[in-house]
Amino acid sequence: MNHDLLQAIQANVLSPALLFFVLGLLAAVLRSDLRFPEPLYVALTIYLLVAIGLKGGVAIAEAGWARVGLPTLAALLLGTVIPLWAYPILRFLGRFSAVDAAAIAAHYGSVSAVTFGAATQYLDRLGESYEAYASAFLAVMESPAILIGVLLGKLAARGSDTIRWSSISTALREAVLGRSVFLLVGALGIGALSGRAGMDQVGPFFTAPFQGVLALFLLEMGMVAGRRLGDLRKVGGFLVGFGMVMPVLHGALGVGVGDWCGLTVGGTTLMGVLAASASYIAAPAAIRLSLPDANPTYYLTAALVITFPFNIALGVPLYYELARRLVH
Amino acid sequence: MNHDLLQAIQANVLSPALLFFVLGLLAAVLRSDLRFPEPLYVALTIYLLVAIGLKGGVAIAEAGWARVGLPTLAALLLGTVIPLWAYPILRFLGRFSAVDAAAIAAHYGSVSAVTFGAATQYLDRLGESYEAYASAFLAVMESPAILIGVLLGKLAARGSDTIRWSSISTALREAVLGRSVFLLVGALGIGALSGRAGMDQVGPFFTAPFQGVLALFLLEMGMVAGRRLGDLRKVGGFLVGFGMVMPVLHGALGVGVGDWCGLTVGGTTLMGVLAASASYIAAPAAIRLSLPDANPTYYLTAALVITFPFNIALGVPLYYELARRLVH
Amino acid sequence: MNHDLLQAIQANVLSPALLFFVLGLLAAVLRSDLRFPEPLYVALTIYLLVAIGLKGGVAIAEAGWARVGLPTLAALLLGTVIPLWAYPILRFLGRFSAVDAAAIAAHYGSVSAVTFGAATQYLDRLGESYEAYASAFLAVMESPAILIGVLLGKLAARGSDTIRWSSISTALREAVLGRSVFLLVGALGIGALSGRAGMDQVGPFFTAPFQGVLALFLLEMGMVAGRRLGDLRKVGGFLVGFGMVMPVLHGALGVGVGDWCGLTVGGTTLMGVLAASASYIAAPAAIRLSLPDANPTYYLTAALVITFPFNIALGVPLYYELARRLVH
Amino acid sequence: MTIHPMQLVTIIGESLAREPILKLLREVGAHGWTFFEVSGSGRQGERTGEIPEYSNIQVEVIVPPAVAENLLNRLQHDFFPRFAMVAYLCEIRVLRAHKF
Amino acid sequence: MTIHPMQLVTIIGESLAREPILKLLREVGAHGWTFFEVSGSGRQGERTGEIPEYSNIQVEVIVPPAVAENLLNRLQHDFFPRFAMVAYLCEIRVLRAHKF
Amino acid sequence: MTIHPMQLVTIIGESLAREPILKLLREVGAHGWTFFEVSGSGRQGERTGEIPEYSNIQVEVIVPPAVAENLLNRLQHDFFPRFAMVAYLCEIRVLRAHKF
């Protein structure tokens, strides 16, 4: 590891966001009675998704769909390709059953809005600017991988009596109308329609507090992940390695794609982060309903307990360093 | 419709507030799993009512009770008169039972704080100033119509064994100590007592985020209204018409009264909005307990599914246009 | 009472914070249906504790542990000494059973974060500066008295078959890993580690809204205390007197200690407030589990219904006046 | 350990009935009760539990048979005509009969 | 006051099963139901009720015996293999049999 | 479809008892349980469910009769003297006896 990267990681480790995540892990491990009630969790996610969406929508209105189109299409493609190559790795190297491999692949092709938020916070702290319309990449990457994963899982199970197109349509419903996609896309649309002028009023509520709310949310995520630390022993060494190696590969791929699209260092970093991140909310919900035979311990542990912390601690600075070298 | 009005409506339609309401409708109609947990709903209402109350209270402290007195009395009168004339219309034109007519009339005499909030947002966006103490009109208009409605319902049921003064006192309790009236009047009092100086500290929390919180709340109201869209078919054409024609008549009446009291264009608009708005929280709760024989589908659908969206989409710009012509 | 003090109290009485508390009392007494759902209560406490902790942590990072060490140690000592002298008073003057005396003593040695917050708000309003690292005093004073109280209770019960070291360890767990201590200490640590730079981002969310959130929280505390007003009749005159006299004595002691440590008028006031305040969240939870034979009506009524309102209405201005005279 | 038969009355209904139900419970002589916030659906439509005023509660009361009968009678007469409501009875066994 | 025997079916399971359960209840002809948000633990791990997607619900349905049997059959066949779930039956008595 | 008799033990008590109850459930060999956040009133006053520390929980455990008896015994001996608490037993029927 080189000097710059080490510094970047160090700066990240002492950021409040990461420290709150660690505090959450501690709360879970030490079995403190600190607990976020479910409605608070829901309120925080609504706030974060709407804030991310609005910001991106306004940026789209300002940049014009023309400039946003190419990188958004590229992001969508990334989300489609990743599960297709992750599947055989899981199936043949990891020796997972077809349905488990498909389920895990879906999670890695999809994305984590909180990781994205943490990455924008990281860039802000460094004073590195980025295309604010990157929220659009986030929005289009959430669903495709889930659909691909469900298709893979169903095709593999062909012959059994469990093939039902109804489960594909269930997946489609969940992937498109699920809480997080719906809110993100909706807020993006509202931002794009009402533009900067419209944001003058609602803006203050969704900008200044954003970073603090994200920090609190990471405290909660630390607790959620911490309570599942024990599952690490159940998933085997392969998946632990997968959860850290794949993000790096996907991150590099994303950075390459971002650079190819002509994004700035910041935007390229975000494309890398999105590719590297794994979904632990939208994907699990959709997969649970559409591929009920897949074992949730595998995909949840990989996405939430391994990849999420890896990305917010080490991944983000790493993809940023990659972007800096490539774009400059 | 004339040009100015069309423009005013257009500007309103692309405002984030209205777009969030539409997003909520969509969420309900498409059966997305987006849902605001009840505690979040309660938290948002507490915030909005306190913010509206404090602002109005400080304004009262600054303007002095003398200047506030006349228009507040006029508002109170409006709230008393509206159910008295709405009742015969519902009873004889609409052919509703006495108790249903009384119940619906109560809702239209009472007011909607969220409609009021959306109207102040509309005025702010246009840069049109208004008497900040207008919150006091809101506060005094919430209860009288409910009491009148309950009295009308009970008088009509005379002879049956259901006349009990206990139900009048229940209505009085609900109308005065109900959550929303209590908070609004309480915050108004606190604002008036502690004045501008007192607000220096608590102010930031209750001003800058207000518009954004209101937008989120409209998202929720969209979902609540959207889930009841099906009831439109149950209430019949008369009530649908009633829910859009009466607000216009009441709005015009309110604008006339506001002008007569010497309010500015903004304040006159707000008086119109209050007269036009129908209660869908305080009134239903009080009426349900005091007139249990009234059918909630009628009054809830009219106030929440018809009049509320009508007002925030078309009514507010319309009453503003009326006020502009009358006052100038 | 002298003129300055009267004025100080008067200014306090018309502060929004206190008025919100009174509004809450009214809501409870008039049996309004206003109610804060539990998740909202939890959200507000998380916010307040994190805000207080972060602010203190940053201040520690800036002042250096050297300057913070002495007064923090003194605060810790205060928290240890108070239950030791309060116990015999309760046992022999108040004629409480050993376990009740120990339980009540624990509450008065421990502290109330909300009283502390209200005191900083009071100082801010007067423009009186204070050592921002005083949050550290709060953090170290929460647990020791609880442990002392449990030890006293267990020693007194010696001979019965209820002595189990397990209950001491339960108390230790609760006192150190309980929600409020954990969050406060954690946020303090995060503030200290990430320093002013780290706070640039998360700061806005935890500073500007603080006073308003505190006001809302006092509304809730008013309701909680108001619902227990009836218990005043159950606890007897001695405890009512105890709940108002002891804070004054402890406040004076705290002011003396703060002055001796070389704190400013503001910091000295806060030391007095902490000594005077009684815990009504962390202590009751720990005591309930560790001294189940103690009667909760005694300690809850004293701490929550008597001492808490006394301090925020009269105590804070009083300790401030004491500090002004002593330090100047 | 002696276990005593007792009856559990469960009432599910719109949350606006909370205060009237509490009053009734005191009148029939119940010594305790437990409230749940629930959502549900029935003959009188859906209650999604999103807005307190449009929401649902469930109350469970453990009482001796005589009180249960009285309680159900009162519910049928005074509450069922006014509120969206369902109530049922279940046989249970408790440890300390004197508590109820 | 006539009291009629009826059956209460209680289903506890992961909250993602909410919509499929609702569909099933309609199919077997239940006329009402009540939902609780719960947390719990079972053979398929802990559900702490912190994140809606990882959380638990309980459904209670009052139905006549024939519907209860049909409902339990369908649960066993279609739901138990797919969802973390527990279901049980309890004999109760209600006042207005025609409601259920 | 075979339906097996089983017992449902319900415990209602102050929420501070949550951890001790969990420990007890594990000790007596329960394989699952379900928690509800409730409010209520009883011999030891009102618990309005507003502050987690002053609030109430309900636990439901499905267990075979032997475990139920052991559980109730332990509750009576160790918990009733310490916590505001009520517990009762109800006969139920389940589909898969081996789960409990």
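Labels for the chains are A, B, C, D, E and F, by order of writing; each one numbers its residues from 1.
The rule is simple: a residue touches a chain if its C-beta (ideal position, glycine included) is under 8 Å from a C-beta of that chain, and two chains touch if they have at least 3 such contacts.
Because the structure is a prediction, the values reported are computed rather than measured.
Contact tally for D-F versus A-C: the pair with more C-beta pairs in contact is A-C.
Of all chains, C has its CA centroid at the greatest distance from the CA centroid of chain E.
With centres defined as mean CA coordinates, chain D is found 34 Å away from chain B.
Centre-to-centre separation of chain B and chain F, using mean CA positions: 46 Å. With centres defined as mean CA coordinates, chain D is found 39 Å away from chain C.
For chain F, the set of residues touching two or more other chains reads 36, 49, 90-91. Residues of chain B in contact with at least two other chains: 33, 35-40, 42-43, 179, 208-209. Put simply, chain F touches chain D in their complex at residues 12, 36, 38-43, 49, 56, 58, 69, 72-73, 75-76, 80, 86-91. By the touch rule above, chain D contacts chain B in their complex via residues 14, 16, 20, 37, 45-46, 48-55, 81-83. Residues of chain B that touch chain D in their complex: 35-38, 41-42, 179, 220, 223-224, 227, 281, 284-285, 288-289, 292, 297. If you check the complex, the residues on chain B that touch chain A are 14-17, 19-20, 23, 26-27, 30-40, 43, 121, 124-125, 208-213, 215-216.
Only residues 37-40, 42-43, 46-47, 50, 54, 177-179, 182-183, 186-187, 189-190, 193-194, 198-206, 208-209 of chain C touch chain A when the two sit together in their complex.
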